[in-house]
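There are two complexes below, and they share subunit A, which is joined by subunit B in the first and by subunit C in the second.
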Partner chain A sequence: MTGPDAPAALRATGLGFRYRRRAAWPLRDCGFTVPTGRVVALVGRNGAGKTTLLHLAGGLLRPSAGELRVLDAEPGSPEARTRVALLTQDKALYPRFTVADTLLMGEKLNPRWDGATAERTVREGGIPLHARVGELSPGQRTRVALALALGKRPELLLLDEPMADLDPVARGGIMAALMADAAERGTTIVLSSHVLPDLEQTCDWVLLLRDGRIELSEDVDALRGDHVVLTGHADRADELAARHTVVDRRDGGRQTTALVRRHGPLSGDWHVERPSLEDILVGHLRTGSDPGGRTEEAA
Partner chain B sequence: MVEYRIDRSSGVPAYVQIVEQTERALRMGTLRVGDKLPTAREVVAATAINPNTVLRAYRDMEQAGLVELRRGLGTFVTRSLARPGAEDDSPLRAELADWTARARAAGLERADILALVTAALDTHDDTKDSRAPGDPERAEEDA
Partner chain C sequence: MNGTLWLAWRQQRVLVGVASAVLAVVAALAAYHRDGILADLDSGLFDHCGPGPLHCTRDDIGSVLLLDIEPLRYLGALNMALPLLMGVFWGAPLLGRDRELGTHRTVLTQGVGRGQWFASRFALAAVATTALSGLFAGVFAWWWQPAADRSYGLFWYEAPALSGSGPRVVAAALFGLAAGTLLGLLARRVLAAMGLTLLATGAVTLLLEWAHRARLMVPPHVYTSPGSVPKPLMGDKWSTGNYGLTTASGRKDDVLNCPFPSGNRLEECMADKGYVARFYEANPASDFWAFQWTDTAVLGGLAVLCVAATVLLLRRRV
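Then we have the complex of A and B:
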């Protein structure tokens, strides 16, 4: 476990955010700690609060309640700004700049600029330096934005849906560039995504948001180790639920299939399968939408 | 140099896939003592998997005595894996060939045979693993 003194990339206590008083809370009562050096999957359904959380961590928004620390600094403070990079969904770039101009701008704006890394990131995507940003494909634009972010040499890199709109090849390329940076410099990476298969072998920590609250903040191997998919007789399901946490369950006639977080050894006649990370995440994401589950507070 | 290929949909953790592929290369002789494994950056740049996964695989193999991490130089193979017992002419292999012939003669399909072998392996490994003290329920199940 991570103690209060262990280095943390992100640490939230009672964190909440709303745009104005008496408005709904896109985020509330969030408490979690993400250790440094992790590649973090930030997942949740639309409107769960992923973008809000990333904008809070990047210092674009201020908490309405509680506290969020990034690398033990206040988001948006001068110290945090040199150590944290945020890639927002709009990937703000000047379309009329060339790629070279864009990187030059990065150099002028950042005291710790690493031109070699930025240029390599662009080059590995096969992007000509003289091309205008406005003429690039979405995948290439993402790569240029990523080059700007990596050129800052951030210790914490936050990416909001970096892979949306990209084809599988471009997604693989961006992911490889991120992983290479993590390998080289131990960068903590937090990325939100709906493309769960992309997260399968890349992320080692999961932050799962549901209705503005943190549902999971855990090591991926621990999640994998604790979860099983069980298939068996439906009339044994209650017995199962008494000892273990049934995350998600589907019945078909006499048979039931359940994603289970087990506490201790399993007993009974169940067919046991290992779920993929995607199975685990989908199971947890689906739970909240069950009728009879959490009731939504009227805003 | 060995090139790892990660199957994301297999459900097998990536670090296990790396260990297995290294072991296979050692058994086949495509990796030999003294050879250098690719760096974590090289592996992740080619496969887009988590670097900690690669490091974990290398650490596991180091603990198993297969490779050695030399600071600033890289990770090197220190032991061959051509195992006695696994060669073409070994007694174990001959017994398995006999058994396979009998299973075929009894009308079992390829999938049935693989399932039997997997089940036997699972039972064997489970029996070994679950004999932990303070786990009476499991012991009862086994009995």
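Then we have the complex of A and C:
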């Protein structure tokens, strides 16, 4: 399924980006493949490079190194533009346009346009078509921007922090709409979010960025299956680390709790728990940044 | 209609409307005042006035005779300010507004490329600018024509006429638009872009006015009159204010070396000091077009440079 010949929604090889020569790399040495038809959670801490990656995939930026392909096309090429939709974090729309104008803009600027879907998305939010975009609430604006993205009938839908401005009810509604779309037409959806519980229910693939590098690009079920939370005697921790990957570890006196990625069966006297996806992601996000780890590095 | 062109029109129609309304008002004022000028000329009051630059006076009471050309001068000034207005209000927001709002990202992730996006909106702005500035220049020329090159009217070399009419007005307006567009791309905020555009277009406008006065790009002719032959009349020529005496070897000296009117004393003085001729420097009226075309070339060239820079930067900054 993830071999080099399988259809890929996103495929990066040695991908790097920086704004200027000799500047820092917001993104570097990224290599990953995301199969089509997935709902992908793009997670990472602030400044990890999520937005940069999405802008690269949307064709707004061009790679400084390596290559990124979306649906086997070059991002920003005419082919990719018709098949990929990107909802940027600022959800910028023309404030003086009415909602109807904005949707008309989508119709005029896209060779493929599904006006019914776009209008339904807006109506479901109870937004009148004649309202000016500048007078809408941020949540309503998000919905209009999303309608603009869905009206394209994209095969790959990139969403940068789509839920940030939405209340929980609207959030659920939009998520349901997105999932229905994904199930119905096999749309690949990549959404970045800080709200990890939202992702737990919906995503089946995880892209985890840390400091501009891809840390994880994996199926969620595989992740869940491989990770365990172990609690036991601190003396046994080194033995554990020799055979398995300790992602994150907290010591409390003689007892230690560790998020572990298993390689083979576990042995020893450990209390085993199944972590939630959130636990796994937080564990991976925290690695290399907790104070304890830093002291060790410094020493 | 092509999608990007639809969007360009949707965003610029207010500007086109406002500019057209101003043009209509100006044209109506021009028609009214031009009728007034024609009526004044028909009255015969100016029939005895010569073609030279000296004011002519009423025979009976001796007061200076002038046509009412003050409103015409205002239109000339407006035309001279067109690059500033076009740059600040049309050019700077052309890309700058989208960049400030972030809407260029929304547009560029629809089914259009940035080349097409830029080409459509700039083409619409350029066509509108060319048409509007051409009409403003045309209205000026039409209004000016009965009062042209008369001491009681407006000479071709006066700034409102030289810089406020003809093809250079169109080139200047396009330069303003292109400079504003480039600065809108470079500056982060539309307001900053507007300020920078005002500075840039204002500086170029003033520089060209100075170049006119200094005859930098259109050098003056030297008119000489040997010995005591009467000087050729200044007429509608534009004097540089530089005149004097020439020696046999061609050296030019200040007129104060022999400060006498034509006559015996002047001849004696010239013979005494070895002067063989008198001279003055001026541009003939036919140089109007030389000024016009050099300005058009300079401003057009600057406009092309700005557009080229914008296109080159578009990939990196949008």
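Going forward, the second predicted complex is superposed on the first by the 288 of 299 C-alpha atoms of A that agree within 3 Å, B and C clash if a C-alpha of one lies under 4 Å from a C-alpha of the other, contacts with A are read in each partner's own complex, and residues count from 1 in each chain.
Heads up, the rule we're going with is that a residue touches a chain if its C-beta (ideal position, glycine included) is under 8 Å from a C-beta of that chain, and two chains touch if they have at least 3 such contacts.
Small disclaimer: the values here were computed from a predicted structure and weren't measured.
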- Task: With the two complexes superposed on chain A, say which partner A:A145 touches: subunit B (first), subunit C (second), both, or neither.
- Result: second
With both complexes superposed on chain A, which partner does A:G253 reach: first (subunit B), second (subunit C), both or neither?
neither
- May I ask you to decide whether A:G126 touches subunit B, subunit C, both, or neither, giving the answer as first, second, both or neither? neither
Note: in the complex, subunit C contacts subunit A through residues 1, 3-4, 6-7, 10-11, 101-103, 105-113, 315
The answer for subunit B against subunit A in the complex is residues 6, 8-9, 11, 13-14, 39-41, 44-54, 130, 135, 137-138, 141
Per the touch rule above, subunit A residues touching subunit C in the complex are 55, 58-60, 62, 76, 78, 81-82, 84-86, 88, 90-95, 97, 101, 105-106, 108-112, 145, 148, 152
Given the complex, residues on subunit A that touch subunit B span 37-39, 172-173, 175-177, 179-180, 182-184, 197, 200-204, 221, 224, 265, 267, 274-276
